[in-house]
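First chain written, first letter: the chains are A, B, C and D, and each begins at residue 1.
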């Protein structure tokens, strides 16, 4: 009873040695969507500006971040040396996500205008734009330079960009990605952060009432 | 890739002897909801008329229907003798569903007006109204007689009742329940038909884009 | 980390509004088997005596038990009137389980000798044997009368029968079914108790290290 | 019925828009285990030689392999230049798996002797041994040099090493890891290959009848 009301969990778990059928049937109350459903929901909508987060959304980039912590310690993210490396080559070790390939291909089919907006800090130079363009087969003429917002405590640095660029559909793995989209009365769609992502703690996908893409962990 | 687009299944199944992580992560693209979320979505909405299907929604009634097939054969549902028995006592063997208890309790808390609308054929007499009222602790003063619509091929017999009674929220396990709600531009919310229900084939819950209640199989 | 050690649960649950990939991947540490795998494991084994529990193993019999509680109250199971009714007709409302059909068919193919051993109390007469024989297409010549062990506090009433009948493979939904098999150094295989079974609390299937049959809830 | 026999899948999938309860309950017929259960199964067993595969077992090493394909093309794995890089630094971008941490810690507690056996080709020099020793806190005195078996078509290059080293318990993600353990009548335990691993196609974990560790994707 409690579970129906959203209370005590009746979940299949490794914590106990067995399972009940109620636990097998249990699912998190999430709005799951497929990319086909997203595309269908956009039928008849003229080309629009759409936005993507990068890390754990279109690229599994933990490799570079993991190396960064090993070399620069816990404060790596406030070290410009780290960002110069991360933004200028370490994405050679980032694994492109299939969900990224599929979403970008779908939006290119629709002739939408794609923007990548990341909370990575800007660095002197960057090769991320070029890597994303090549990796996801985005025509050079349609590739906008990646927007590096950086992080400022207490602020959502993506919201102003969604507003400025009139982005009404934004994909991301973090709560802040979804919150940014909701803040501009847009549609934030969640991509699952892979279980082996080093960016912990992992967010509760779907918890903000947003749509979550099935199978988007890889 | 295909799975992200809603194509080929990558599902955890007993058909093959093993599993991949992609299959473990896979979920059907369904809009799952908890009863707590439904209640929250109705905050501020004044008392309204709500409707419930009966069989496999608030009662697991397969026992009587199973006995009916044993005695009357495949055409039991067009035999008035069956309905006289089913509607006048055989629900003593029907198992009330927890999801039914929780939903009815929630709507009573809200002072909504509850109507039960079933495709069972009307019979000379019926004790179903009384059984539902007692089983779900509905105050006698608030119990409306069950509406028996029967089935007419090619028609959705529930739609006219949702319209007539201005029911904008209707719970059911069958596609026809959800379609009826959608036909009157209302909110159809799916309850899962238990896997041991004898009413086959089982519907694809969530396939009409409707919300599906987690854990509502029992 | 804790979850890998069998500690804190990382489970997909309706208790929280969202989900992480670790939760989606999580499974109870259970030894799941299919009937095909069971059959294969018996290749080359000559015909043997096998046993089946009845309630929630081959029959979903909650309808009669539910009615029993309504009429006789909480102590229905110590009332001979209840058992006379339950064992002489109320199984007309019990739903045969597919897993029961498949297992019995498999063991008949193997020419095993099938025994039904139930903790139901014996009654003056019984029609359960006849119902099982007809429902599961067991040749009359191969049908053994159901063994009604009754319940005696502090004892496992099935163990002596498994021993006496040299039953080395026993199927059941309750912990006591599996424990009886293990007590005679036999193979206890778990069948899932349906989530709408009125026999609560539901056991943790797999918790005794036994094999659990996939999809055996129905 | 077919699903119970291990035939047609009744699986929760993104291929169809909805779901049935049978699909929600469905599980692959796999023998899942937790690390706690493995440890318990070894109680009373004196210190023994145990083996671990490396890639996708204790390290998520796709980053280096992905880079290798980008630079050297599809035949990267027969190019000594690739292996010299992969084995001498590119694991700086490999993400250690929690399952690796937990298993190694458990075996160190037991004073077992740990061997790493990989199908990576040997290179002139290697820093993998050092990286594994530091990453998993293996006392230097107990660290055995990694064994690089390379790949020879038509052979399982790990089997001779399990035999030579009297390894009766071997952990790996690939079919060949489990087959090697089974070939020496040992215990092969499967670790899940992460869904974002670039080593495709992904194996069907559990398909060889082996135990599979829950939550071992990360």
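As a working rule, a contact is a pair of C-beta atoms (placed from the backbone, for glycine too) under 8 Å apart; a residue touches a chain by one contact, two chains touch by 3 or more.
Predicted model, so just to flag it, every value in this text is computed and none were measured.
Over half of the residue numbers at the chain A-chain B interface are used by both copies of the sequence. Its C-alpha atoms fitted onto chain D, chain A is found rotated by 180°, rounded in steps of 5. The pair with more inter-chain C-beta contacts, choosing from B-C and B-D, is B-D. For the pair chain B and chain C, the distance between C-alpha centroids works out to 28 Å. Inter-chain centre distance (chain A to chain B, centres taken as mean C-alpha positions): 37 Å.
Distance between chain centres (mean CA atoms), chain B to chain D: 46 Å. Touching of two or more other chains is recorded for residues 3-4, 6-7, 10, 14, 17, 21-22, 24-30, 34, 37, 192, 194-195, 214-215, 217-218 of chain D. Taken as a contact graph, the chains are fully connected, with every chain touching every other chain.
Partner chain D is touched in their complex by these residues of chain A: 14, 17, 21, 24-25, 27, 34, 37, 60, 62-64, 66-67, 70, 90, 92-95, 97, 194-196, 198, 214-215, 217-218. By the touch criterion stated above, chain D contacts chain B in their complex at residues 3-4, 6-30, 192-195, 202-209, 212, 217. Against chain D, the residues of chain C that register as touching in their complex are 1, 3-7, 10, 22, 25-37, 98-99, 101-102, 192, 213-218.
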